[in-house]
Amino acid sequence: MQMHNTIRDEVLLDVRSLETHFYGEESVTHALGGISFQIMKGETVGVVGESGCGKSVTALSILRLLPKLTARTVGGEVRFHGQDLLKLSEQEMRKIRGGKIAMIFQDPMTSLNPVYTVGHQIAEAIQIHTGVSRSSALTEAEEMLRFVRIADPERRVSNYPYEMSGGMRQRVMIAMALACSPELLIADEPTTALDVTIQAQILRLIVDLKERTGTAVMFITHDLGVVAETCQRVIVMYAGRIVEQASVMDLFARPMHPYTQALMHSVPDRRRGRQSRLPEIPGIVPNLRDPIIGCSFAPRCPFAIDICREKTPVLRDIESGHAAACWRSEEIVCA
Amino acid sequence: MAGYILRRLVSTIAVMVMVGIFVFLLLRLAPGDPAAMIAGRSATEEMIAGIREQLGLNDPMPVQFMHWVGDMLAGDFGTSILAGRPVLELLSQRLEPTLSLAILTMILAVTIGVSFGVLAAWRAGGFVDRILTGFSALGYSVPVFVIGFFLIYFFAVRTHWLPVQGYVPMSNGIALWFMHLILPTVTLGLGFIAFIARVTRASMLEVLSEDYMRTAVAKGASSYAMLFHHALKNAGVPILTVVGISFAYLIGGVVITETVFNLPGIGRLVVDAINNRDYPIIQSVLILTSGLYVLINLTVDLTYMLIDPRIRY
Amino acid sequence: MTLPAATLEITPTAPLGFSGLARIARRHPLVLIGGGLLALLIVLALSASLYAGDPGNMDPFKRLQPPSAEMWFGSDHLGRDVFARTIFGARISLMVGLASAACAALVGLLIGILAGYNRMFDNIVMRVMDGLMSIPTILLAIALISLTGPGIGILIVAIAIPETPAVARLVRSVVLSVRERPYVEAALCGGARLHKVLWRHILPSTIPALMVQGAIVCASAIMTEAALSFLGAGVPPEIPSWGNMIASSRLYLAIAPLTIFGPGICLAVTVLAVNLLGDGLRDMFDPRAKRRR
């Protein structure tokens, strides 16, 4: 920090060739095929892609929350402040989780423990990482509820999750995540399971709290519209790889991967709401159990030529700060 | 809430009435004349007729039934044919050994069974889990009395570590009382440990895959907090249900264990009653244990609310 | 016990040839082990007179002998061959166990199907079943047997009655779920008679659950028989049964432990075989349960 004048430039999270496999009864799924990206201090980065493209797996791999029996991160590094999280002991990792890196999940209806009050659950996070007494943690929890703008926090703090609406529960999740002032917040589709009107409120809340706390945010979504509203930089994922990476402005102005272009054409109509959860692109996502030859998007790509089916394109800088993994980016960018 | 308890009470009473009719009919179906049996072999016709009149055996069945139920509600469970004393008095004399055994067994089974099940679920497919699978197959398959004789043989007959059998009342010293109850408790407890551990494991496995468990890890909770704070309370309802249901098995096991270890409890009383055809004792024990069973399960249902705030009746 | 059997799907019942049996054995080793062990025990019990001595023969000069080539498990306090008695005892245990299980399964099936289809009957009979379930199995059986005194017939009935409610409940729940299935409703709408639908669609779908529950009941029945005989309320004392043998030898545990452990171990192995068979059948009919375990 003392070296740089602007905090912005300091790398907070540096993911290098992260590779995660899922193990089925007879097959291995290559859920993440070696992805690399960085998140700067205080930056908001969107991670976009269809269901099953590896967005959530990336998040779970970073925090080492993958199901132990069926999944393993087999390669790469996750450097947080220069320290590789994959090499930490489980005990050291516990201090990172919830303390330095917090996460909110897709479905607030199932992500809170039904048998404890929300105050108790927020206070637990505070107690784990600060070691304060139960009663002062509960007072702090009440503060956090106020912070995420839940009305009547004095009363709500002793509510059980089932007594709250979905939007309110997601606010509780956010309060719990921000309770220990993490440096990075991973938000995994935090609005997908909510009503459209509530979605907008929660988005605004996250953007607003991010401004006030200066925490970096990794925003996972399938909705490019959400990215446009909240993020500074975007990572587009397809079939376990990053296919394009750029600032929000650049990406929307000049999408350089056919997949990104297709995504943009199918940006869900906000007024139609939740029905259009999945962007409609013809064809299906490839089966990650089979080895992929060539570009994984080739079978669905309108621009595919022979080389696309034979050699896998690597992510390369097409313009400064704008990378894409496509053989024909230069040709199609203005198409 | 009050409405629910009322509804439950009504259905409980309905069940008890069924049990009552069943036990009542059982007695009436018994071959032989109860009056003749009470009177003994050397009784004359007049004596038997007198007893029959006295017992109300000449009244119509429904009237007899109402009398019988009325007596029980008033605390009169009849008189033992053999001992000639009130059944309730005999039962209360035998209560201490039975209660000691039952309570110690439940404590043992719940503590060991639940912790075993939690550990097995935590590392499903691992070492503890394998042991549990093997152990529970044995726990289900080896009858209580066989376990009992094995334990007696190895821990009492061969090694003299523990007393072979018999009972020492608590008033003669807690240590001695406890020494005499170790083997019976383990004997009776093994099956329950297996049973409770298996249910705990299944219930925990389900809970461990819930989203909120991932939330708990994501906020940095330790494995211990995960298992015993976040998961166990959620897994509690099925476990509690099983503890309630297994009460009926417990009573059956108590009868056998008391016989194996020669404990002067209610179980022995019942076994002796079979050989003497002492029906008042048998029917009272049937009514009382099934009443207790129903009551325990009612309590279990109501304690669900303490575990899971979503359950409101 | 909470069995997932109630959610069993119907498995197509193709005729089972030798290859079909071999496939079941390979995929579900528990069925093979449990079933094989049980079959072996049945054969051993039935052919007992071919190789075991006379179980009733007393020899006052050979009381409480240690095991020998002549008497593998030694002799009891009346000088009887413990091995021969154990083998002959298997007949009683298996017979009583299987017969009680069959009775409980048949009566439970009947009650369960009727309760699943008639609300009036359901309300009354299920309360009776609740009542029966609230009385501990052993006590209920003791009460029934105390009416007539020990005897094989009353023993089978007395063991079957407490086991029936569980079967009835299970069958009822299967019936309740199956009768809502589209093909059953379609058959009824298409004008099929109720009893035909019951016979063609409902009954077959209860079979898998019934088989699993049957094995559980059978294991429990064998244990109950032994326990009752041990308590002196089961098989008449002159007939060799495992429970009787253990009861009559209990005083000689220190001198001749095999008089107790011989029949005890046989009893445990038999129950284990039936339990394994039950577990295997459940895995076979409900693969979801296997993954959960």
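So that you can tell them apart, the chains are marked A, B and C in the order they are listed, and the count of residues begins at 1 in each.
Definition applied: contacts are C-beta pairs under 8 Å (C-beta built on N, C-alpha and C of every residue); 3 or more make two chains touch, one makes a residue touch a chain.
None of these values were measured; they are calculated from a predicted model.
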> Ranked by contacting C-beta pairs, which pair of chains comes out on top?
Replying inline: B-C
> What's the chain with its C-alpha centre farthest out from chain C?
Replying inline: A
> Where the centres are mean C-alpha positions, what is the separation of chain A from chain C, in Å?
Replying inline: 56
>> Please tell me the distance, in whole Å, between the geometric centres of chain B and chain C computed from their C-alpha atoms.
In response: 22
>> How many angstrom lie between the centres of chain A and chain B, each centre taken as the mean Cα position?
In response: 54
>> List the residues on chain B that touch chain C in their complex, please.
In response: 11, 14-16, 18-19, 22-23, 26, 29-31, 133, 137-138, 140-146, 149-150, 152-153, 157, 195, 199, 202, 205-206, 238, 241-242, 245, 248-252, 255-256, 259-260, 270-271, 273-275, 277, 279, 282-283, 285-286, 289-290, 293-294
>> Looking at the complex, which residues from chain A come into contact with chain B?
In response: 63, 65, 69, 94-99, 102-103, 105, 107, 110-116, 124-125, 128-129, 160, 162, 173, 176-177
> Touching chain A in the complex: which residues of chain B?
Replying inline: 124-125, 210-212, 214-222, 225, 230, 233-234, 307-310
>> Quick check on the complex: what are the chain C residues that touch chain B?
In response: 1-2, 127-128, 130-140, 142-148, 219, 223, 226-227, 230-233, 246, 250, 253-254, 257, 260-261, 264-265, 267-269, 271-272, 275-276, 292-293
